[in-house]
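In what comes next, subunit A is part of two complexes: it sits with subunit B in the first one and with subunit C in the second one.
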Partner chain A sequence: MTKSFNPQSYEPGTHPDLPPPAITTGLIGWIKTNLFSSPLNTALTLISIWFLWQILPSSFHWLFTGAVWSAVDRKECWAMMDAPRDGACWAFIRGSLELFLYGWYPEPERWRVNITFFLFGAAVFGALRENIPGKKYWLMFAAVFPFLAAWLLFGGFGLEPVATSKLGGILLTLVVAVTGISFSLPLGIALALGRRSRLPVLRAICVIFIEFIRGVPLITLLFVASTMLTYFLPPGSSFDLLIRVLIMVTLFAAAYIAEVVRGGLQGLASGQYEAADALGLTYWQSHRLIILPQALKISIPGIVNTFIGSYKDSVLVLIIGMMDILGLGRARLNDPDWLGLAPELYIFISLFFFVSCFAMSRYSLSLEKKLETGHQS
Partner chain B sequence: MNQDSKNASKSEDSIISICGMHKWFGDFHVLKNINLEVSRGERIVICGPSGSGKSTLIRCINHLEEHQQGDIVVEGTELTEDLKNIDTIRSEVGMVFQQFNLFPHLTVLENVMLAPVWVRKLPRAEAEEQAMSYLERVKIPEQVSKYPGQLSGGQQQRVAIARSLCMNPRIMLFDEPTSALDPEMIKEVLDVMIELAESGMTMLVVTHEMGFATAVAHRVIFMDGGEIIEEQPPKEFFENPQHDRTKLFLSQILHH
Partner chain C sequence: MKQKTTAVLSAAALVLGFAGTTQAGTLEDVQSQGVLRCVVSTGIAGFAQPDASGVWKGFDIDFCRATAAAVLGDANKIEAVTSTGKTRFTKLNAGEGDVLWRNTTITFSRDVGVKLRFHGVNYYDGQGFMVKKSLGVNSASELDGASVCIQTGTTTELNLADYFSSNGMKYEPVTIETNDEARQNYESGRCDVYTTDASGLASTRSALPNPGDHMVLPEIISKEPLGPATRHGDDQWSDIVTWVLNATITAEELGVTMANVDQMKSSNNPEVLRLLGVDGSQGQELGLSNDWAYQIIKQVGNYGEIFERNIGVDTPLGIARGLNALWTEGGLIYSPPFR
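So, the complex of A and B:
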């Protein structure tokens, strides 16, 4: 046995830190502990490698090397392949991209949509990015963005008005999702605080609202928005289907956010409330400065989970005849030129949703890490 | 509540006067007929077995707990349901908790500056200067940009004391301030409290640190079963307790 493994050879208090055995660290150590730690684990690893070997090459061929990227219709696609359906006909997606992006938004006015997309990117970037100069102004910009976007998209005040029924595809998906997400958070927080209020009437209203909305499927609410709401409103009053849908989507998400935030509020040690009270902070001061910053931090995973859920739920608007990206894509499948290209369409739509949801998820992880101050009160 | 009951007779230098106060938690009668006069600059140590109501008593003084009967008058303001009175009293009464209750999402400096800026409406620069001077007084000026989670328990408790002092309170309440600390950190917190006592602060301290009681208290109050059983100057309290329950309690905490 070597000297370093014999603790007796050091005087008390002089034992140095020794490096760990080489086999437990580095790439080899990782592979050993994660892939080949036991006979069962080794078998599973080998089966997985064999399985990937079977499916990866053919998938890769269909998706990329055998795929056709530009053609005018599916017949041309087939003609360019070794055999029909031997590869993906991405020309379909390319040819439909403009429709998928803008819906039926009038062509001469599409610059407005482009500006809206650009400003949306800027607002998201400015609001989420830390250490950005003039953070306060970025936040103010992000707060007015929804109203700015509404003006740009639907016109009025000097811009050519565009009917909301012209919205479709990714544009509609984003309008529904972004509205739902950005308005449901403040509303949800208010509902959560209301549900914990000491005022019985306020509390009852919040509980009834939350439980009612959560107890009903979103599709039902959308049907209410599209058909029944006209019966409840005074005769002769009409308000836009899109706005009705946006309200329902927002209320639906808010009910879920409220419960997530309430969980965060209850997860906070009561000492935090007491310390804030003992210092003489008012209800609003202690919630703004002490309680909500911590409760929202605890709730980030749940809030983002709800956001991702309501983002994907936005496709349900196709059931009441609104053509979001999924609805428009399905309609496009019936186009004689592109008949039967469902796999391409669904892969594209999946990718679109996956990229945005994954980005939200990663951002929330980095936010959690940033807000971690190493103390659970 | 109790608007028409007569005010407790107040001597000129009385800063807290509690008269015939009762409190229940549901059916449980936790405080029974509490009468207590505290004069300005007086230092009182409250002890007693767990569940005797001692923490609840001092938490009633800044209305973290609500009393159901009797009067509590702090600095001439009577504690009622009136939120304005409660806020007035809270800004005059500092409190230090067993679990420190620092705000973990704020740095040490932000913790200490928060209430002066938002409650006292002090300008930031002034609040920061004041915060630094109190952090120096509790001997942690070099930790100001750390978060509470990065400090030891003793350091956190000293920050908590500085946070309360920054409101320039007339009264300081201590709710078992050293009970959650590792043994080697108790002294650093007690030293700060002794220094505070020497500066003439009115203090009500719930603690079992009998050395501290002997050194600084004017009076020791012994509570059991929600009642004040005995109150004496520390010397008499330790050497010549009157009640059997006090004797039993002292024998339990002093001889182990």
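So, the complex of A and C:
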């Protein structure tokens, strides 16, 4: 018993004040506890390493070291490799990059697209970033941005008009997605409030709208937009295809947002509503100050989920022959000079979508953390 | 919900019945727009595809350009209205395009049921088979028991089933969605045979690492005559599209090419002179200027030139003329006389 009080009696290396043995800390410790903690885990780790060993070197070779970055056509591309298809032919993507970005937007007017991209970045930055001076003005700018972008992209009021059919590629994808996302949120909140309204007619309209849209696949709505609306409208009145599609995409996303927000509204303790009433706040005051801030906070994961979903759904416009990034890419696959380069194209498009969706999902996580007030169990 | 959708659909179908018949004066519309809107595909190798700067190229596109040259005097005044196989006819019937040059097979149901007007054949296609040479197969009748890559939901699927059952053979279908997917499966050996239209086989074959290791079997098991279409109810416009196609064919037959069209204006062949508008007033009778066919050949070329430039043996697709040779050279391409 006295032994433990005597520092001299510790076996070398077992004194409690010594740092833990190297084998339980740092990289080695991490590997030991996470990868080799039990026979099963050890086996799984070894199998995974073997598997990665099988695919990583060849993937790396195909993607980078064996890839060709500039060539005039596929034949030249493949001739530069050890064997055809031994590496990626990124020259194909590189040569079409400008087309993929701007579509058919007239070349002398492309500075307008660049400004729009820049302003889009500024609006997103300003709206999302906390603690920047003049936050109110940033938010106002973000609210005006869609209209500013429409003016810049389509012209009028002093700018050369550009037909909507000239849009294509990433530009078209972003126009469809950003419009859908930015207009569906306010519309969805309004629908959610309408669905919980005490006015029977308003409530019925909202319920019918939401259930109708949710009961129909987006593709059906796009077909209606592309083929049928022309028959419903009076002859001679041309209603731009892109606008029809934007309306459909927005309505579709709004119906889903409405249900997500309704979930948030119902997740709120009824005491919150009663407290707001007790303070004598009107309907709009109580929703603006008490109900919606909390309801939207708990809806964030669902809302961002819907946003990401509708962003990726925007590629469905290719079904009705619109040339978004996927449609345009697939059209380019038919260039006789570049036939057979589908893997390169799909990897490029996946990368584009992954980067933007991952950014959205990370932002929503950080937003949740920031708004976390400890009320959630 | 389903009932509601059905109601919407049937209401639309009702309106659709009227829409097609009230269109007239397409020529005036096109001339006042100053641009010809062609319904084209979203990409079929050699027939319609955008190049790296977005300019549409291809066999169908060149016929669209020929139409624009005849109607507007400038082959570049075209707008490609891209459409998928599902939306092409509604786009045309709803007036979003003026003429359809889109790799479209002429069939009874499309001519009569969809209320289209077809104007002759610009490409005779047909379903064929591609195999690896190493299989040692020389005829489709030796394909008993083969696994076949086939696009789902197409007429090629039905043709294949008919062909094999009528020859008392069995096959194992490997269903795929697109040409590219088919090529990947065929290349990796998941199927022994790929079957689709011969023009599609040619482009698939040319995209393989070693095209020489593969062959297209001689049997063609279906008729796929491809041609342009317009809406019902505008006879003048129909005549124009018909004779644009015929002009390119006649020009090849008479040896009028992009290069020699100017010398040919002083030819002593009366049909050449009528075609090029030196004699007669055929252009005016169509409602066009008299040099309409001259403009087609000068700016776009004759049928053979259009073929060779986009899909011919010197292109990556390397399609031989075959059935699409002139009737004088053993093919089916034939134009009524300019008289």
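To be clear about the criterion, the second predicted complex is superposed on the first by the 340 of 377 C-alpha atoms of A that agree within 3 Å, B and C clash if a C-alpha of one lies under 4 Å from a C-alpha of the other, contacts with A are read in each partner's own complex, and residues count from 1 in each chain.
We take it that contacts are C-beta pairs under 8 Å (C-beta built on N, C-alpha and C of every residue); 3 or more make two chains touch, one makes a residue touch a chain.
In this text, all values refer to a predicted model and were calculated from it rather than measured experimentally.
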| item | value |
| --- | --- |
| Fit-or-clash call for subunit B and subunit C when the two complexes are aligned on subunit A | fit |
| Which superposed partner A:Gln285 touches (first subunit B, second subunit C, both, neither) | first |
| Subunit B versus subunit C as contact partner of A:Asp240, first or second or both or neither | neither |
| First, second, both or neither for A:Ile320, with subunit B first and subunit C second | second |
| Touching partner for A:Glu160 - first (subunit B), second (subunit C), both, neither | neither |
| Touching partner for A:Leu371 - first (subunit B), second (subunit C), both, neither | first |
| Minimum C-alpha spacing, chains overlaid - subunit B and subunit C, in Å | 33 |
| Subunit B/subunit C common contact set on subunit A | none |
| Residues of subunit B defined as touching subunit A within the complex | 62, 64, 87, 90-91, 93-95, 97, 99, 101-105, 114-115, 118-119, 147-150, 163-164, 167 |
| Residue ranges of subunit A in contact with subunit C within the complex | 73-75, 78, 83-85, 95-96, 98-99, 103-104, 165, 168, 211-212, 215-216, 220, 223-224, 226-228, 230-232, 235, 241, 318-323, 327-328, 330-337, 339-340, 342 |
| Residues of subunit A defined as touching subunit B within the complex | 269, 271-272, 274-282, 285, 289-290, 293-294, 297, 371, 373-377 |
| Residue numbers on subunit C that touch subunit A, as the complex places them | 1, 4-5, 8, 12, 15-16, 19, 22, 42-46, 48-54, 79, 81-84, 86-87, 90-91, 94-96, 180, 183-184, 203, 206-210, 310-311, 315-317 |
